[in-house]
Amino acid sequence: MTTEEIKQSVSALFPDVTYDEAGEFLNVLTDSKGLKPLMQALRRNSEFDFDYLFCLTCIDWKTHLTMVYHMLSKSNNHTVVVKAKIADVNTPEIETVCDIWETANFHEREVFDLFGVKFINHPDLRRIFLDEDWEGFPLRKNYVDENMIEI
Amino acid sequence: MKLILDISFSSFATGIHQWLVGAVHSEGLVKVIEMVIAGLALLVFLVPLCFILGYMERKVAAFIQVRLGPNRVGPKGTLQIVADTIKLLFKEGLTPNASDKFLFNLAPMIVVVTSMLVMAPIAFAKNFQIWDISIGVLYVSSISSIAVIGILMAGWSSNNKYSLLGAMRSGAQIVSYELSVGLSLISIVILAGSLRMSDIVMSQENGWWIFKGHIPVLISFVIFLIASTAEINRAPFDLAEAEQELTAGFHTEYSGMKFAMFLLAEYINLFVVSAIAATLFLGGWMPFHIGHWHTFNFVMDYIPSSVWFLGKTFAIIFIIMQFRWTFPRLRVDQLLTLEWKYLLPVSMVNVILVTVMAIMGWHF
Amino acid sequence: MFLKEYFGSIYRSARSLLKGMKLTGYYFTHPKEIQTEEYPDNRATLTMFDRFKGEVTMPHNENNEHRCTGCQACEIACPNGTIKIITKQELQPDGKKKKAIDTFVYHLELCTMCNMCVLACPSDAIVMGQSFEHSVYDKRQLKKVLNQPGSKIMEGVE
Amino acid sequence: MSLLGEDIVTEDGEFVINIGPQHPSTHGVLHLKVWLDGETIKRIQPHLGYIHRSIEKMSESLSYRNFIYATSRMDYLSAHINNQACALCVEKGLQVEVPERAKAIRILMAELTRLSSHQLWWGCTGLDLGAVTPFFYAFRERESIMAIMEETCGARLTQNYCVPGGVMYDIHPNFRNRVKDTLKQIRSKFNEYEEILTGNVIFEQRTKGVGYISAEDAISFGCTGPTARGSGVSCDVRKLFPYDGYEKLQFKEILEQGGDCYARYMVRMAEMKQSVFIIEQLIDNIPEGEFQAKTKMVLKLPKGEFYQRVETARGELGVYIVSDGAASPYRIKYRSPNFSNLSALERMATGTKIGDLVAIMSTIDLVIPDVDR
């Protein structure tokens, strides 16, 4: 499918989403509420069939957090990026996608560990790299650590 | 020269015996003293033997692996193993807090003692044997299976999960491979008609069993090599230790001298197994003779019998070492598959073949 | 049929194992194939490749002169803060003051040999040295001063 | 999670062992908590982070020239390819045209890296399965590749040879001859690899049918590289999304349908030959010209997001740079192949024996610093 076709098909199902085509891939912008049905549709609908979630990460924009999902369809060979805005910086929450893609399990734990985003319904949401008793979320822009040295 | 050397072994022993009888006047005491002397002689023999085997293992491994091996301590690295022994002697022998301390300390002793006991009926040279027991082969196979108790003890008492797994593997392994070892030994017993080691050697006066016994004996030789490699827990059957899976298996918690004893036992076992293979299949100390080549046979006779014995033994040791440095390790279920589905049926059929051969007198 | 398969599998297994033993046997009997070098013994003949990045050095000529102007480009280029340059104002013969290095501190223990400082240097004052035997008992010994005592900047280097 | 004071068997009759963080088979500081039933694995839980250095956070404070060196420390066995990925991503942002010569040199180095990485993997696989000798044979060939690296890049492992716009310096005059000698040596040794490990019956028994993962699962778990190609998933980035002129080269994407350890093993063995083939095509055809494009002293990426993927020796490495127009990245994410491959470990190893776990780990070819980053 071409970018335009994807846009049309997605808009038919989810009229609320917006698009950003500045970068390399088509970006589908949504919010934390609308993420889960969108992702389910992108995976399950055979016209999309995004079966390979190759990158899952988060960006801290200070005012809000953005979850970024890079997806590829092995069969249709098209790529899309879904961005979900999480407005609440202090207690960020979003629905998990690890029942759709198994790889999301580890990647969401990583995001939880480093950004503090809580994934609702995640089966095993623990810190993955840092200690259980670590304070703060290191990749957040407001994270301070007295051991950090500025070079 | 050969005559002198061979006579000297037996006459040396008889000389000591007569001198003791004259000096002590008590038959019981003479026996005790003789046993102590034999035991000490064995110990004195074992230490350099283990040094040699340790050095040999390292050099064989190194040459196979395109490297040089030990070459720093002593000429050509020969003293490296001495240095390692001294290091092990001075290291602290840790005993884990939660372990069963009595069994933990006992286990290495049991392993070493059993492997030493098996040395008793081996004929090192003509007329040179510690104990020519009439049930030699039976003795060997029964004593060697005690070692598994030591290993199980070590694994259990360490209170370590890796050790326990290693010990359990070792138990399953040794118990099953006993059978094949026993059956392949039986085929020679059938042919030689005796369990006594010296009789078995003498029965090979006109040719070693591996040549006389046609293919069945060759098969049982191969089975013996494989099964005994498994029984002494050497790679590719070193599941009890399995470094990459269980760190060090049953001796994970051992250090210092106690660890050194397991190492010692491993090398003694290696020697014993090879010596038994050499005795049963390759004629022990019997020189190599070819039919009617009298000159050739005469020359062969001039090589001392102890050299023949040690030469054969070390050839087999080399093969077992080469196994270790060539093959990947088997998995635990494959190990048992190999025994129960391949080695055991084959050796059972083989025993029947050998029996038929012995009854019909088809061997040379 | 079953027996044929059974013995066939034994034959194939034995063959594959013997192949492996043949290879190891070959190497055992051909000590010429041995690859290892006896390192501390061959120190005299051991030469590193000319591009080998062992440590940062500052070459001095026979008059104890270096080429460092103290511009601190390397300090900025270094990702780990390996280099610290302490500058001073030196009085020129013509009466003008000029910036020059006092000490060029190089923390070998922080260095990742990424070559960024050498690329950044506008006057080619520092190069990568080939020495690789850096191990010492005290990590403080790894802090080095690269400009030799009493050294001066070379004539004509700006 | 207390490791001390637990009974050997828990109240539920579970026998739990901790493989790692220090363990001969984990190739680093991976910690696996394994629930056992006898020798059979019931469940595996990886505990990560023993070597987490937060390279992503570090990169946020480094300039676009300087952050590249840190990626050598992620997947240290394909350090050059990691550097290449970063350089490509920065170039994508800067829209710099890399000279043909630099591209060719990069591919040559990348394939040499892949070759050396696969060789180390081959040796380690043998080692993990109990055959120690292949390890030394593998290192013998690897050593000559290391010499090439050392001569041209100045370092053996963490080369830092890629810079935005090209490579750091031109190839060494001796490079061509040395590569040709090495390739000749490696080609002559492939049959030794077959003899000592591939054809060995014990090895076949240990790997065939072990650690199966289906193609669907492999995609779902995000497996890439030989791990996925062993299950028949076409995922070679060099073919699907060519970079640095891979599209001009002749090579095959190796696919095996087995999905087990043996299939993954065979994929890597065949990939070694493909790498040799690629290098042979290029070595006499390195274009003349500049080895580095002219770039500004201080690099500044325009505001936006840039994603670049490359095929490392272990799979697809993605570099995702979010730029706010400053001289250092606002956010950088490395999508490391090992992290996703490791997540599939539980699926592969459940129901197998401990010995199989070792085989599976070695055929996934884990590099722990790349998992932890």
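Order as written gives the chain letters A, B, C and D; numbering starts at 1 within each chain.
The rule is simple: a residue touches a chain if its C-beta (ideal position, glycine included) is under 8 Å from a C-beta of that chain, and two chains touch if they have at least 3 such contacts.
Worth saying up front: this structure is predicted, and the values here are computed from it rather than measured.
Visitor: Quick one: how many steps at least from chain A to chain B, stepping chain to touching chain?
Guide: Contact-graph shortest path, chain A to chain B, evaluates to 2.
Visitor: Based on mean C-alpha positions, which chain is nearest the centroid of every protein C-alpha shown?
Guide: Looking at where each chain's C-alpha mean falls, the closest to the middle is D.
Visitor: What's the farthest chain from chain D if centres are computed as the mean of the Cα atoms?
Guide: B
Visitor: Between B-C and A-D, flag the pair that has more C-beta pairs in contact.
Guide: So, comparing the two chain pairs, more contacts are at A-D.
Visitor: Go ahead and note the Å separation of the Cα centroids belonging to chain B and chain C.
Guide: Result: the chain centres lie 51 Å from each other.
Visitor: Let me have the rounded angstrom distance from the C-alpha centre of chain A over to the C-alpha centre of chain C, please.
Guide: Taking the mean C-alpha position of each chain, the two centres sit 42 Å apart.
Visitor: What whole-Å value do you get for the distance between chain C and chain D if each is reduced to the mean of its CA atoms?
Guide: Here the centre of chain D sits 24 Å away from the centre of chain C.
Visitor: Could you say which residues in chain C touch two or more other chains, in rising order?
Guide: Correct list: 17, 20, 23-24, 35, 79.
Visitor: Residues of chain B touching 2+ other chains?
Guide: Within chain B, residues 64-67, 325-327 contact more than one other chain.
Visitor: Give the residues of chain A touching no fewer than two other chains, as numbers and ranges.
Guide: 151
Visitor: In their complex, what parts of chain A are in touch with chain D?
Guide: 22-25, 51-55, 57, 59-60, 68, 70, 74, 77, 101-103, 105-107, 110, 114, 127-132, 138-139, 150-151
Visitor: Can you check the complex and tell me which residues of chain C touch chain B?
Guide: 10, 17, 20-21, 23-25, 27-28, 31, 33-36, 38
Visitor: Please name which positions on chain D make contact with chain C in the complex.
Guide: 62, 65-67, 69-70, 133, 140, 143, 147, 150-155, 158, 160, 168-169, 172, 192, 195-197, 199-202, 204
Visitor: Okay, in this complex, where on chain B does chain D touch?
Guide: Per the stated touch rule, the residues are 61, 64-67, 159, 161-162, 164-165, 169, 235-236, 238-239, 242-247, 325-334.
Visitor: Can you check the complex and tell me which residues of chain C touch chain D?
Guide: Counting only chain C, the residues touching chain D are 12-13, 16-17, 19-20, 22-24, 35, 48-49, 51-53, 77-79, 112-116, 119, 128.
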